[in-house]
């Protein structure tokens, strides 16, 4: 099944968004698609704010990470004109706005990784990954994730 | 206008620097130029020290981010022998030494991004970007930025 | 001398590990090998826990960073079937779980960089690098490092 069809089946509409600063949402080099750090905005407003371990729970963080992935796909669909031109995920780097004691950044990142795996399948939807706890993020969001995808030939 | 001429017009001399540790300032793979994390040193000393939100203001951070970009171009000129061999910026990852409450890392990063845009132009000078708040940086500098540029064929 | 022989000479056995989450340890694009963020586990347990500057000393951090590098080589050997298929290191991004005051992340990262330099030699064993202080890491480990290596043709 095509990614676009699977998204429809999941009831997910990809958002379209103008960059809010001096950057491009996606830059392509060869087949590699570098996607700028994505936050958890829905309809122009952050779905969550605050640190995981304080204002946000682990579950909030996982949900925020899933939204980051959906926003990344939205940026790719805008750039490529068609989400079905994406072949696979290469890597993700997940930044979790963490209290000094919260140490389950990998479980937060799973919110993004499980979604991409369910959408693209085990082979093409699971990439390399790092997950770290950061001191703060723009707009006090709980999660920001940057991605490298690969385009189909 | 060539980048080297535009830099002269802007009154900017690119610095030449030996790496201060076990790393190479630039590594090339194909046309991609990976630039090591650059700090805000000027003439061998950090232009700013401390966290943005405490010892450093947003404006200090923006200025420091601009210096990081100039230091990156210095490293590229050393590596390539000629800054005009750089074609465009691919991506930046901006680390802002932040208090737990400072959440305008994207505005700090603009100090770097606006400079590169003004120098290379909107098409080639704006790349993908992530900006995050970190707990500390080497030497207590307020900003460190790593870059991927692309070389001309 | 081959890398596999040099490792034997150094008395280092590369570990084999299943990924502990929804990610692949290594993803290859062309000749580039993206290695997921590696921690300092030895035999399934973290060799160190806590922040550098508090529970962990600089020396602990350096040792942890060296273990991250060994774990990365283990992941590469699993993926490629033979560690001698690795040509060189391209870049590392070192995340150091830091107190707000610890500012020697570059020296912690040297624990990884010096090991790779000693193993692969100055030309192929030294890459681009960034080192930053983060607020926390998965499992409260002191160091996590992500890598890009290059495979032989």
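Per-chain residue numbering starts at 1, and chain names A, B and C are given in the order in which the chains are listed.
One rule holds in what follows: a contact is a pair of C-beta atoms (placed from the backbone, for glycine too) under 8 Å apart; a residue touches a chain by one contact, two chains touch by 3 or more.
Small disclaimer: the values here were computed from a predicted structure and weren't measured.
Colleague: Give the rotation angle, in degrees and rounded to the nearest 5, that superposes the C-alpha atoms of chain A onto those of its identical copy chain B.
Modeller: With C-alpha atoms aligned, the rotation comes to 120 degrees.
Colleague: Between chain B and chain C, two touching copies, which fits better, same or different residues at the interface, with half of the numbers shared as the threshold?
Modeller: different
Colleague: Could you tell me the distance, in whole angstrom, between the mean C-alpha positions of chain B and chain C?
Modeller: 25
Colleague: Residues of chain C that touch two or more other chains: which are they?
Modeller: 30, 93, 134-135 - these are the residues of chain C that touch more than one other chain.
Colleague: Quick check on the complex: what are the chain C residues that touch chain B?
Modeller: 30-32, 90-93, 98-107, 109-110, 113-114, 117, 126-135, 148, 150
Colleague: Which bits of chain A are touching chain B when the two form their complex?
Modeller: 20-27, 29-30, 34-37, 51, 93, 95, 97, 134-140, 144, 146
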